[in-house]
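There are two complexes below, and they share subunit A, which is joined by subunit B in the first and by subunit C in the second.
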Partner chain A sequence: MNRDTKFNVIRTTISILIALGISFVIIFLISEEPLEAIKQMITGPISRKRLFGNVIELTIPLIFTGLGVSIMFSAMQINLASEGAFHIGGVVAAVVALNLPMPGFIHPYVAILFAGLVGALFTFIPAILKIKTTANEIVSSLMLNYIALFFANYILNYYLRDPGAGSVASFPLPASSKLTSIISGTNIHIGLIIALLFTAGAYIFLYKSKMGYMIRVAGQNEDFARFSGIDILKVILISQIIGGFIAGMGGGIQLLGLYRRFTWTALLGYGWDAIIVATLSKNNPLYVPISAFFLAYIRIGADIMSRSTDVTPEIVSITQGTIIILIVAKQFLAKYKHKMVAKEAKSNIDAEGVE
Partner chain B sequence: MTVFEILFSADFLRVILRVTTPILFATLAGAVSSRSGIFNIALEGIMLLAALIGVIFSALLSSAWLGLLVAVIFGGLVGLFLGFLVLNFKTDDILAGIAINLMAAGGTIFLLFLVSGDRGVSSTIDSLTLPNVNIPIIQNIPFLGRVLSGHNVLTYFVFISVFLMHMFMYKTPLGLKIRAVGENPHAAESVGINVHKIQYIALALSGVLSGFGGAFLSMGYLSYFTTNMTAGRGFIGLAANAMGRSTPIGGMLVALLFGTADAMANVFQTGIDIPYELIQMLPYITVIVGLSAFSYSRMKKKERQIEE
Partner chain C sequence: MSEMILEMKNILKIYPNGIVANEHVNFSVKKGEIHALLGENGAGKSTLMKVLFGIERQEEGEIYHKGEKIEINSPHEAIARNIGMVHQHFMLVPSLTVAENIILGVEPKKNKIFTDMDEAVRISKDIAQQYNFDIDVTAKIEDIPVGTKQQVEILKALYRGADILILDEPTAVLTPQETKELFEQLRKLKDKGHTIIFISHKLDEIKAICDRLTIMRNGKSKGTYETKDTSTEEMSRLMVGRDVFLTFDKEKSQPKETVLKVRNLCHINAVGTKKLNKVSFDLKTGEILGIAGVEGNGQSELFSVLTGLIDSYSGSVKILDKEAKEMKIKDIRDLGVSYIPEDRMIYGCAEDMDILHNLISDKFDKEEFSSKYMLKKKDIEKYASKMIEDYNIKAGSYKQNVSMLSGGNIQKVVVAREFSAKPTIILANQPTRGIDVGAAEFIRKKLIELSREENCAVLLISADLNEVFELSDRLAVMYKGEFSGSFTDVKNVTEEELGKYMLGVEKDEELEGITYE
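For the complex of A and B:
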């Protein structure tokens, strides 16, 4: 393990520990039964198969949006439309599932493909606007998320809605469109395998392909990339399209894996969560499943805690925010890194001296 | 009423001023921070926090004004916290802002539950609202009185703030320093300006303005706090600021444009043949189209300048 990797691992671990520590202190301050609450949070998810299943089920969408954001952020484009891409991916998958009858072995995959394509179109918009008009992609992507929400509401109310459903929901999704469960006793579906395949694919793309290399160079140093003859505009567009495709697919997979009907009338937040995942992973797809699992674990843990104790699950938001801040903060542990480098240099000199 | 009659009715214009108020606070908050060189995406979360803090403290201190004061101070403190993260801790401003927003979204529910035992609405808290103000003389003028008089006190304050902010930015030494720091921190430093100090001040001010916007939502626009009640208004404010090129008056005009789109979405909930969901998109589409058009014209202008 080289020095930077080692330092990053230490830093990430310490960040997580501090963030959890802060949350535990808050639990101690407000709860009547803090030890029970913390125990529930930490051991709850592994206490029953079904609960651990919930962790994996939540990991799946986080992997997809996490991969999408990692690729988009690698090009230094702060495109926040993965939230909308995920949402619109869900509604597109519902449309395909309900309106295009197909045999079961192909139905969900066609729906997911369409979800991905529309997701790609979605994150393409802020990128092309930035390139053609210099409009700030942060602002336009934030606005697009709301457009995705209302557009999905429109499709749901006017084309998919089952008047007999009681609440606002689409007609039931046909069995042929659902993703198969892969582990009995849980709702873990084949989306997990797709997620891991895409993780590998995204890693190879970003770290082993020429295009991936160009994306990363453009993200790290745009001027250098331009002087090296990299077509920045093309690189930006491709990275944003691929990122949106994966996020949109994630929305479709989430719907067809876990829902009986399309019922999303509010943004679900996986796009924002993805920023935590991408931050924890340092935009490296290889670490995305681990980060997504970690996030899902503390979420489900907090949920379990809130069911049996007096602490609300939103305590997790404090943990998450702290983690992002500590990991992104360049100054955090900078002195330690400095010492580590100095120590290494010194020992190198000493070693040479002996020779 | 026909669409035309609605659009030129006093009530519609009145709604525009009302819905523009929180957006305009956010726009001004965005202006002062981006002028100092920091993108304050956290103002969405600061507004949300301030909305809840205002409700809680107005009930606790039995005074809407003191509730507002605490909310605004709190907003300023979060602004300073963002400053600490960005300036001392060297955190990327966007990611730090997103972190604050995520913490605010969950933290407000957490706090609301702690105080009221409810996770959705603050209706069990006996919070107070800021008064509406009738303007003498104007209130008696038929059409104008209906449009301009009887608004919440913060609605008047936000439009006064536009003017104050304009004066502050362009006529005071501190405003000049903020602009200098944002345009070129190294040059500012070389003439002896303490860059970090100026940015801290700008972010505190940005937080205070966001605090006003949040307090308006829960103590004027509505009389209670609901989870996620900002609903992207902070983001719209950032967009308005981007389109208004960080000038208070330009930002105000854009905010009014968004307010109009928002008011139309409110007014046309019924009685028109377009689905409501599509009308709800209107403010957001307006932002994207407007921002792109403005950015495009600015880009072309720059290109022409370079050619000359």
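For the complex of A and C:
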């Protein structure tokens, strides 16, 4: 492990510890039974199989959006449309599931494929706007998320809605379209395996392929990449299309793995959370499942805590926020790093002196 | 003790990337002297002065001002101690006037709220007159010549009450004539009792103007000497660490086929300034064409046109008989053109990636290093190891991030990548700027080797006169976007002569030998 990696690991760990510390202090301030609350938050998710299952179920969508965002951020394309791509992926999967009858072994996968393709098409919009009009992708992708939401609402209301259902919901998804559950007693579905396969795939793509190399160089220094003859337009397009594809797939998998009907009438937030996941994993796909698991764990922990004590689950937002601020704050621990570097340099000087 | 106005003791400064810029340096200045801080680029002169001026904080060591131990944590505190600094790169607002720049931050006030511009002009005129600077204080900075900008910087420091003045390589951007003028003014400042610290690596200038000198090499002080007792030979020996001044034995060039043909090249930049005006020249394989000139006279734009970064130009640029405008950067590279960019941190590398990734940015898609979709890890690693060895890059391994290397080693990474691409044409823009002498010499040798043994065509753009003289087979001078002179017999050109063309005092309309027609 070189000095930089070591420093990053230390920094991330300390950030997480400080953030948890702050959250615990707040719990002590507001709660009648702080120790019980903290205990529930930390040990709750592993107290029962079903609860741990919830953690994994929440990890799966975070892995998909996290991978999508990691690839786009690696190219320094701050496309925030993974939220919309995820949502639209869900509605597309619902459309395929309800309207294209197929045998069970292929049905969900066709639906997921379509979800991915439409997700890719969706994140392609900010990319092509950037290339053709130099529109900043942050702004356009942010706005597009609402278009995704209301487009999905439209499809749901006019084409999928079951008038017999008590609330706004589609007709029930056929059994042939559902993803198989893989662990009894939980809702963990085959999406977990797909997520891990895509993690490996995204890593190989980003770190072993020619295209991945181009994406990373352009993301680190666009001028240098252009000067080296790398096609920047291609990087902008491909990174965002692939990012949207994976996020869209995630939406489809989420729907077919956990839902009986399509009921999403608000954005679910997995695309936003993906920014936390990508930041924690430094845009490296290999770390995405770990970060996603961590985030899911504290979320479920906070939920359990709020059910059995007087602390609200929103406390976890404070934890998340603090972690992100500490990780992106460049000066945090910069002095410590400088001391580490200075010490090394000084010992080199001293060693030379002895010779 | 008491005659020393300023003393720095045992200064240790280590940069965040681990580079030891000052290794227990001692430095002291007498009141009323001009004291030279002498050393090659990267020796740690600027860093020492940044510590003194409060821009950088030392790890260890003390600073004494008039015998009193002081802490300087910011330029504000330095200015409060009457220390002023003129930076190598001017810190002026181009769209404001001279007077506005001088008073910026310490404005005279009208009714305690508004800046009193009349007063500002009066103050500026006064101070200029007091120190015999002939400046129109109502002119805008962007309209005045470099030499005058520097005078404004000096006035700025004086207005803030500086009696110790640090000048960081003040002559680097000046023509010989402007340098003379500057020296006159510095002598007058000295007569008025000011103390001047003069950072430079030009020996004759130090001989001409400084009373004492401190030599730095590799982050260490090599002692302080009286200028009159020290010969330039001795200075250079202490500075470079060897007795020889570098001159290269290069064989006579044997130009072969023309690979670069530029005719009537004109370029107007985005704000409407004419940056290139009717530039024409030829470059053949097997020769080195040097382009000298004060920076900012169109060299960067010329380089950008040739590399494909700029495609808005008139005239014709034929690279191996193909028009540059019709090609993408990639196409030009594929013709066998390699580049050393002027700013290595922007165009030369991705500093947060490792050496290996920086070495293959132009060739990762070649058959040697990748299949249809995937990179060939083993082959790339083998190549990276070879480059580190061949180009003597001082690094732990190719997995080290480029940001952890010294300037000279970063430049070696750039050069290794570009030279190993088997180029037909090499376009080098300030290839050795700001790097240590060893690395610079290495790169210069390589350029000669490539032109003589590998039959490369080399275009060398450089503001370093020594470099242009040493390497060029033919030489052109750029001034205000045009060639103002050309020489085919480089050995018999003097610096004085070149200076005149650089300044635009003389202009050669014939430009003999610049093309092969």
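General remarks:
By our rule, the second predicted complex is superposed on the first by the 345 of 355 C-alpha atoms of A that agree within 3 Å, B and C clash if a C-alpha of one lies under 4 Å from a C-alpha of the other, contacts with A are read in each partner's own complex, and residues count from 1 in each chain.
One rule holds for everything that comes next: a residue touches a chain if its C-beta (ideal position, glycine included) is under 8 Å from a C-beta of that chain, and two chains touch if they have at least 3 such contacts.
Predicted, not measured: the structure shown is a model, and the values here were computed from it.
In the superposed model, A:S308 lies in contact with neither subunit B nor subunit C. With both structures placed on the common chain, the touch criterion links A:N157 to subunit B but leaves subunit C unconnected.
Touching more residues of subunit A than its counterpart among subunit B and subunit C is B.
In the superposition on chain A, A:T265 makes contact with neither subunit B nor subunit C. Contacts of A:T43 after superposition: neither subunit B nor subunit C is touched.
Legend: residue contacts after superposition of the two complexes on their common chain; A:A225 is shown touching subunit C, with no touch to subunit B. Touching of subunit A by both subunit B and subunit C, each in its own complex, is seen for residues 334. For subunit A in complex with subunit C, the touching residues are 2, 4, 208-211, 213, 216-217, 220-221, 223-231, 334, 337-338, 341-342, 344-346, 348-349. Interface residues of subunit B facing subunit A in the complex, by the touch rule stated above, are 39, 41, 85, 88-92, 94-96, 98-103, 105-107, 109-110, 113-114, 119, 232, 235-236, 238-239, 242, 275, 277-278, 280-281, 284-285, 287-288, 291-293, 295-296, 298-299. The touching residues of subunit C, when paired with subunit A in their complex, are 12, 14, 16-20, 23, 59, 307, 309, 328-330, 333-334, 339, 341, 346-353, 357, 360-362, 364-365, 370, 373-375, 377, 399-401. Touching subunit B in their complex are the following residues of subunit A: 30, 78, 125, 129, 132-136, 138-140, 142-147, 150-151, 153-154, 157-158, 272, 275-276, 279, 312, 314-318, 320-322, 324-325, 328-332, 334.
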